[in-house]
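The same subunit A turns up in both complexes below, where it pairs with subunit B and then with subunit C.
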Partner chain A sequence: MTSTHQLDIAPIGLSFSAQTFQKLAPDSYLLRHLQRDPPTRPSKRAPDEFRAPTLHTGALAHAQGSAVVRVGDTAVVCGVRGEIHALTLGEGRTKGKISVTRNDAVEDEIKTHALLVPNLELGTGCSKDYHPGPPTDFAQSVAERLRVLLVDTVKMVPAETLRITDDDGEIKAYWVLYIDVVCNSLDGNIFDAAWAAVVSALKSTRLPQAFWDADREQIMCDPDRQLYRRLEVRELAFTASFCIYTNKEEEGEGQKWLLSDPDEFEEGICDEKVLVCVREGGKIARIEKSGGDTDVLEIMPECIRRAKARFDTWKKMLDSQN
Partner chain B sequence: MALADRRRINGPLTGTTPPLFTSTPESPISLKSARDIRPVFIKTSLTPPAHGSAYLEIHTSTLKLSASVYGPRPLPPSAPFSPHARVTAEVKFAPFSTPGIRRGYVRDNFERDLSSQLQIALCRAINTAKYPKSGVDVFVTIIDTGSNAREVNEFEILTAAINVSSVAVCDAGVEMVDLVSAGFVGRDAQGDIVCDPENVMEKMCLVSYMAARDEITMVWTKGEMEGEEVVKMTDVAAETAGRTRGVVSEAVKERVWSLQLGGKPDVKMSG
Partner chain C sequence: MTISAVLAPLPRADGSATFKSGLTTVIASVSGPMEVRAREELPDKAFIEVIVRPACGVGSTRERALEARLLSAISPVIIRSHHPRMCIQINIQLVEAEDHSDTTAILPAVINATMLALVDAGTPVNGILVSTLVETEGGRHVLAFEKGRCVLAESQGEFEMEELEQAVKEGGRRCTIEKDEEMMETDEQTVGMAIREAIEKKVKMDMRWRE
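Take a look at the complex of A and B:
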């Protein structure tokens, strides 16, 4: 009823181009799209449609492992560089040694020695909101979440593969993997793209053969590329992010849409966000949900179903690379 | 070890060292002739959120660069009045881009130097008088450096940075006096001038050049040289830049065509 009334009084001159409407009233812009039959997002995607990803591994010359991931207009490059963390320190009389008690049952070496170091760089001109300089709070929080997922939750890289031992099997040093994700283009959902890049880059990592040189008392590496060994990656996991949009207008208030793989525009409007991390065999590794009042039990089965399908897409893509 | 950056995730407290190899592979002998320049690949608009962007790769090298441009956009209210557009340039290496030691995230003097050189090279090519009280910001990220050298060849990087930014500025629709392209030459041990050398040489010269106007926007030389020698090298470098100009123009042309063919229809919508 109200809508007809509004139509009657609306002057003919007051109609905007889609872009202007999007800037003036982003909320209703998204809502009008979703109210169409079938619901279509401004990016012409269906609510449950993810953007098609592309993936390339091993493209960089100076990184031991690398991956370039593009999801729609979000593009990231991830490079893995191995450096050596020696357990003997200092020279001559000041020489000290860090002793390590090996405990294969409790694998905390990766955490205690900080052997996996993921970082995220957004200050590359990837979007107008991020400038070069110290990382923003957002970049720091995404990097930290990547680290938690990599080190605490999924435990993709076993500690054994990073140990460098002498002939007697004593641990002399560790490989430390610096996993740097540089964002080239940002159009929402940085986490899924960054995580997929980290996983793919680790999967493609080849480390040189390192050995303990007793005469020099340090770790040396063999430059022969034939002897490089593939980094052992125990188990794959991929994430899927969602936004929940709730209709706040009087008519049809409370109606919700679950949007897969949100872009920058949608992320800016929706405050309710869900992340599901699926590992091999369809097991759930992690669920995050923030903001909003949606019934978790109601929404989660659908999120998990979509996340599992997304895992298969990523897995297939990564398998075709190796 | 320097004080750890608390805003990043850091490695072990005691620090790490890059792998030490039993022997270092020699830089491969350059197979290209002294006159040749390596084929350059440039593609525009790979960073859609930016106003303009471009990506550059050099064939037979692993050098990879991307540039994005924001502008002309209004200067922040705190900035003093400026009758011309303010051009800024920022060159940043990705941490995994260089041989040897991993690069940190904090901007170092080398990056600052490259940034200011790039700014000088671009500034003269942009019609700054057209955009008062505005800023044009250029960001260049070096994703990977050339594989042929054990050390970073700053002349190669700056040349590529100028070429890719020139296309990106054009892609952003910022009015330019002329497209700018860059070329560099080196003088080898025999005293011959080599265009676009693959390895770092003692004497090198870079020229950033606007071919249609026959104007030089920047010259950068390295090594001890006589006056005449500098002129000779600058001439050859400008000629090299002129040859790269073709690729730069082609990338812009390709972009114009794609705009004409694939222009998005304007969807009308009413509130």
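Take a look at the complex of A and C:
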């Protein structure tokens, strides 16, 4: 401080800009925002406010289905690629066949044959914590959660739509869908964006007409794009993520705020995270609440209410695309 | 379903525990507080490292996801500020399971084994976290309780809020570690009681020199 003018502005002790405050004491910075009336987050959102998403399907020309989803500064691209998994192997005398025994009531081929393969990749430089190298533990665990939700819980794609049969109805091959999600920019809450991208990409997927050619004994695809068929998607489900911020200062200790759709800054501060996945019709498909000291029964009704409203937002957005 | 818990099966670890529930067996060991790698050092609290090893083969994304879930469950229970700039390492070895791909069934055993190993290691904790899997008509719920309150949930299926409330009630009954009159009358072995007994037994062994 060289001029007296500056001293007038900051007469008492230490004074610094809001950005410095955020860097020095991120916890207090968030708390001071939330203690304002009405509570406002550093991103100028209310605690129950989600970021407005944008969604665009069919952007990738060479994928069978694709979607670009942007939620605030989190942007992901999802591409679906269909490949044929033939059940016959080899040629001539070495020819063999994988026999499939299945129970139509259970429809577990998606799991046993791994017909849906989701993966998540964090693009180079997508966030400040990005390190080049093999997929981080974070990327791997998000990919695994996507797989569990898609294959074990929501069961969006019925197995019958992936079967390729001959004229007699015998299964000759399967479509395997490789669902790759690439995150271009990461500003928190990657799961909601990635899941919405997966759902939208599957919904926009069109597969070529595949048939069994008995003379050549192999699967042939019709190149005519007019004959491509839409992938059957049984039901929709969308997720909503939350963070719980607890005041740890002496004054007003224990006060909690439930923050919808946290950004990276908020995710870094809050220990408790909640995820709710709502199905079409309002039933719940999945709940995840990490440890902490908030009672599940206390917080869940509000989370579910917000997640249902979020479902409607996503649904409307997806419907306007098709 | 038989539940059994043993503290300190591994003599050279700082803390260890074996937890069996039905066909699932898990061994957990805790090392630390010990020196932390420079890039993981936290100035005001302990760094917690979780490593999950599968029963056979090398770990895959499934184990990474299990590690992330266990870390989020266990780190609020540990009083991390007691050991700043230190590392607490938790090693989980899955021994047997009914279905190794079904991590929902394995998670409660992993949480319980870890909690017991932390107690054995003398790590400062806020309370005892006890976890169980509750199956209802439309869903499967992994619930964990601390001081009588449900603090962790992982549910999947197709259900409504009422069903979750029922599951929490049932889970709370199984996970309580407080002895009460009603419980003494029934012979049912609950996960909470198994954990209480294991800790009581260990404390008794440690205090034997006094007698």
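Odds and ends about this structure:
The rule is short, and it goes like this: the second predicted complex is superposed on the first by the 307 of 322 C-alpha atoms of A that agree within 3 Å, B and C clash if a C-alpha of one lies under 4 Å from a C-alpha of the other, contacts with A are read in each partner's own complex, and residues count from 1 in each chain.
The criterion applied here is as follows: contacts are C-beta pairs under 8 Å (C-beta built on N, C-alpha and C of every residue); 3 or more make two chains touch, one makes a residue touch a chain.
Worth saying up front: this structure is predicted, and the values here are computed from it rather than measured.
Looking at the shared chain after the overlay, A:Ala63 reaches subunit B, while subunit C stays out of its contact range.
By the touch criterion defined above, A:Asp37 lies against neither subunit B nor subunit C after alignment on the C-alpha atoms of chain A. Subunit A is touched at more residues by one of its partners, and among subunit B and subunit C that partner is B. After overlaying the two complexes on the shared chain, residue contacts for A:Gly79 are found with subunit B alone; subunit C is out of touch.
In the overlay built on the shared chain, the residue A:Asp215 is in contact with neither subunit B nor subunit C. Contacts of A:Glu253 after superposition on the shared chain: neither subunit B nor subunit C is touched.
In the superposition on chain A, contact is made by A:Arg145 with subunit C only, not with subunit B. Judged by the touch definition given at the top, the superposed model places A:Asp168 against neither subunit B nor subunit C.
Once both structures are placed on chain A, subunit A residues 140, 143-144, 147 are touched by subunit B and, in the other complex, by subunit C. Residues 61-62, 64-65, 67-69, 72-77, 103, 126, 129, 138-139, 143-144, 146, 149-161, 164-165, 168 of subunit C are the ones touching subunit A in the complex.
The touching residues of subunit A, counted against subunit B in their complex, run 10, 14-18, 21, 24-25, 28-29, 32, 59-63, 66, 73, 75, 77, 79-86, 89, 98, 113-115, 117-119, 121, 123-128, 132, 134-135, 140, 143-144, 147, 176, 178, 180, 182, 184-187, 208, 210, 218-223, 264. Here subunit A touches subunit C in the complex through residues 137-138, 140-141, 143-145, 147-148, 152-153, 271-273, 279, 282-297, 300-301, 304, going by the rule given at the top.
Those residues of subunit B that touch subunit A in the complex are listed here as 7-25, 46-50, 53, 62, 64, 66-70, 73, 90, 92, 94-99, 102, 105, 107, 137-139, 141, 143-145, 147, 266-271.
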